[in-house]
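In the two complexes that follow, chain A is the common piece, with chain B as its partner first and chain C second.
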Partner chain A sequence: MENSYKNSRRDFIKKGTRVSLLLTLGVVGGIGARHLTTEKYVWQIDPFKCTQCGRCATSCVMTPSAVKCIHSFDLCGYCDLCGGYLKPDANQRSTAAENQLCPTAAIQRKYIEEPYFEYVIDEKLCIGCAKCVKGCTSFGNGSLHLQIIQNRCLNCNQCSIARLCPSEAISRVKASNAYKVKGSFTKEG
Partner chain B sequence: MLIFALLIFSLEGIAQKQRFPKPEFGTGYSQPTPVTPEPRALALEYTDVFVLLIVLSLASWIAIKNRSRKKMVWLSVFTLLYFGFYRDGCICSIGSVQNVALTIFDPGYAISITTLLFFLIPLVFTLYFGRTFCAGACSLGAIQDLLIVNPLSMPQWLRQILGLIPYLYLSLALLFAATGTDFIICRYDPFVGIFRMDAAFHMVVLGIAFLLMGMFIARPYCRFLCPYGVLLNWMSRFSKWHLPITPAACIQCKLCSDSCPFDAIDYPTDEKLVKKRIWGVNRFLVYVILIPIWILTGGFAGSMAHTWISKANSKVYLAELLIRNPEVQNDEKNLDVQAFLSSGKSMEMLVSEATIIRQKFYTGCWIAGGFMGLVIGMTLLNQIIFRTKYDYQPDKGNCYSCVRCVSYCPVK
Partner chain C sequence: MKNKGIVIFLIILTIVIVTVVTLDYYSSKPDELPENPYALNLTSFEKVDNSQIIYTEIRDFTINFSEPAGICCTKDQIYVVGDQKMQIIDSYGKLIHEFKFDQKPTCVYTSAQNIFIGFRKSVSVLTGDGVKIMDWNSFSDSTVITSITEKSGIIFIADAGKRIIRKYNPEGLSLGVIEGKSENEQIHGFIIPSPYFDIAFNADGEFWVVNPGKHALENYTINGDLRTWWKATSVRIEGFSGCCNPAHFAFLPDGSFVTSEKGRVRIKIYKPSGEFLGVVAAPSKFEQNSHPPDLATDNSGNIYALDLDKKMIRQFVKKEK
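Right, the complex of A and B next:
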């Protein structure tokens, strides 16, 4: 008799604790649900905030980085003397390797018509080092810029590049509008 | 005159935008469009939640009804392949703790419904069926569980001391997440690099070290680090159903006693070892009185450390660096300083932001330290509480419901 009483008391305490734990979970879930979103968010770089520090190439959890250079052709001046393609001290305006700024030769220079050249990024080769972006932004229109390529990005809980980005250029954006390509995306504020 | 000046000004504005305007091509050149591949579809995220639900239900069914270790192994193989290698170890419930903390303390951060579900579902399941999540649905658990070779038994005092680490890790993770500093659980996840086959060198070393260690000390991460395990442990202690070792009455044959690689089987109470009751009561009272002192000491120690801990926040670190060593402003190689200087933000703004963050750390460190004090006090108190046990039974808090012990039981 005494034993069954003891057991029922233990069961009661256990059940009570279980219910209160369940309630706690409900409350935590409820507080969390205040800012609930059914939209998917992904990481993206604001090209106007980017300072081309080069950390995108080294800080991503992926090798090579999920960040790559994107060329927004609308803004390109199709220059022969391209600040993003050629080294500042290049001795020739040619496709010779020693003249190229890109360490992996990921930019293809193609003659269109006098005196214009087209520059296309080979995404497979690009490592996101931003050397061309720096050149293009400093000497040209800034049509070359970095973006996080969303089918490569693992969408980490905390982007390891964003953590180290000195200019806070990386933030979460809605997946339905996952890119900030210059031209269609303009400077905020 | 004014209009003319305005005109020049606006022209200048346009010219600044486009130093070299796009040419008009005569040869009918059509420009390519930049390739922007879409991210992973939202529907697939919901699939993950669905898979988690299925795997958890199966794991609970195997643990409680079916009791087959073989099936549990196959389930963990599936989990390892799906949540580990296919999903690259992300999304996982362990990390979701931080998202929940961030969304509670930062109104600007919206948690996604999948993350919230990944946080809640395993806890609710554990509250009813025990830690079946650890047995079958956690990719980090699966990779360690499958590599157990020759588990060694550890003395209880060592397990108790090492068992404090998850509490510390959890409080630090919550502190860093709530202040928007960092997600340390994700960053120092030792196995995610193995899942992705790609990680920084020190993380690869850490991951392999954990796996090698795990051959002899079963599931080292789960037992002595996992911060989510703390919550699962609390839930599991009060679980409604739990994997029983024996299907009927225990005959005390001791066959199961060393079957558990995690030392998670409670033995029947040895009457000889139970201390004299009156002495136990006195010690109990002393330990209860000590608990508030532990909490205060912990909180005080935490608040003392808050200046140091808050340096993990990049803003606080930068502000302090600029105040202590103003000469770094001339250091061209310091990217953070240079980016701050070129951002046009004033020093006062940075300092006021850093002060707010440090204030948050002060409060947070008090709470985290107090919590650690409470944990230490409760651990000590648990040393002297004897609940008489008559049978060999799983320690519900620490048992992962891996179903290994079941086949050792001769009772049918």
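Right, the complex of A and C next:
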């Protein structure tokens, strides 16, 4: 009787261990499969909803902001009088600091041929203030626009900019399609 | 002693609650944000002195279009195109005729005999009764037709995609193109950063073309030789700003230019010499950063603006002194 009891206890431990291992394997496998099959989401700005309020520069938890200006060259008019580069009341159309709208001089103006100029954003200098975006949208084709740069974004559970965005332009999008770049992305989505 | 402890606890609790509520009240909420140091304020460029506004809006009428595109008018009829149709309406907005098309028109022009409907890459010629006579389809893949006009049996078609003006005879035979090139170094050819490229003849038979990238209006002979031009670059009310302005223009009977602009949407008048005369409609009358209204004028000097965002025709007349 005593021997039978001992065997029973040993069997119980063996079976229990097997079941525990199987359960652990199942849970780990399930989590792994979920990671593989479930789409990751990230924060992004809809450039057609953005009202260029400037809050992206001051509200992001990152310093400088993970929001940067990007340029759709396809839409650009390559204008000499660029509303995104020059202050509205600029004295001259030149690269002089007092004429530049960008507070960090993050836009480079390059002469191409008379009368065309190319404008390139230096991402390291851009703070995402949207001054150039507002100037371009107000006076030009709207080729300059803001995007959240994913390798700079911490992908917070609750984006501090999205919480304050007055036009609700920031939402979660699938990580596989993480950018809404004007030209390929249209107002209708 | 026991009651005293409870009272002290309640006082501390009250202070904590009041502090938390106060801090929360003054914290950064979307509707209570402090002033943003990076905000770009452009309102000063939208303000127009009342003394500069020399026209007044007397009438507007909603049109049954979801995407209106172009307008022109004759003595007593207004022609509007958009969607996949053209409507002919009287000056009070009453629908007279409607014609359907299989594609979306971009512009319309009426001559003494015909109606010319511009599509993106083709032109349809109709009789005055709306019966199609012929289609002109032999354009380039990159053609974007934005304006049509006619003089002395020559039809001029503005092609914003190719940055040229095409000339045709009434049978659809090409008579060449105008490229806007000149030996004058100050003139570059047509610079068209976006599909706004307008052309028109004034009452004296002079052919004028917008060069929007240069903020200029240029006068060419029918053969394409530059005769004269004027430009006005400024973000102030007196000039044109941005990439592509003026977006549209029309002539008053005295040869003055009526212009409409994109970006800071507004309608203004310039003397035949190019000198700024006054404002027809200030930016406050339009949705900003939206579409520039197409323009038409009649023999009485009335100005009709096709408001593409509000889907209506707005009629302006000169203010009485």
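Everything that follows uses one rule, which is that the second predicted complex is superposed on the first by the 151 of 189 C-alpha atoms of A that agree within 3 Å, B and C clash if a C-alpha of one lies under 4 Å from a C-alpha of the other, contacts with A are read in each partner's own complex, and residues count from 1 in each chain.
Methods note: contacts are C-beta pairs under 8 Å (C-beta built on N, C-alpha and C of every residue); 3 or more make two chains touch, one makes a residue touch a chain.
Remember, predicted model here, so these are calculated numbers, not experimental data.
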{"item": "Touching partner for A:L101 - first (chain B), second (chain C), both, neither", "value": "second"}
{"item": "Touching partner for A:R18 - first (chain B), second (chain C), both, neither", "value": "first"}
{"item": "Touched partner set for A:A130, first chain B, second chain C, both or neither", "value": "second"}
{"item": "Chain B versus chain C as contact partner of A:N151, first or second or both or neither", "value": "first"}
{"item": "Touching partner for A:L36 - first (chain B), second (chain C), both, neither", "value": "first"}
{"item": "Residue contacts with chain A in the superposition, chain B compared against chain C", "value": "B"}
{"item": "First, second, both or neither for A:A175, with chain B first and chain C second", "value": "first"}
{"item": "Which superposed partner A:R163 touches (first chain B, second chain C, both, neither)", "value": "both"}
{"item": "Touching partner for A:R55 - first (chain B), second (chain C), both, neither", "value": "both"}
{"item": "Partner chain in contact with A:C79 - chain B first, chain C second, else both or neither", "value": "both"}
{"item": "Touching both chain B and chain C, residues of chain A", "value": "53, 55, 76-79, 140-141, 163-164, 166"}
{"item": "Contact footprint of chain A on chain B as seen in their complex", "value": "18-23, 25-27, 29, 31-40, 42, 45, 88, 90-91, 95, 98-100, 103-104, 107, 109-113, 116, 119-120, 123-124, 127, 182-183, 186-187, 196, 198-199, 234-235, 238-240, 314, 335-336, 338-340, 342-343"}
{"item": "In the complex with chain A, residue positions of chain C that touch it", "value": "28, 30, 33, 36-40, 42, 45, 188, 191, 193-194, 213-215, 233, 235, 241-244, 263-264, 288-289"}
{"item": "Residues of chain A that touch chain B when the two form their complex", "value": "14, 17-18, 21-22, 25, 28-29, 31-42, 51, 53, 55, 61-63, 70-79, 112-113, 116, 118, 120, 123, 140-141, 147, 149-158, 160, 163-164, 166-167, 175, 178-179, 181"}
{"item": "Residues of chain A defined as touching chain C within the complex", "value": "52-55, 57-59, 76-79, 81-83, 88-89, 101, 103, 114-115, 127, 129-131, 134-135, 137-142, 163-166"}
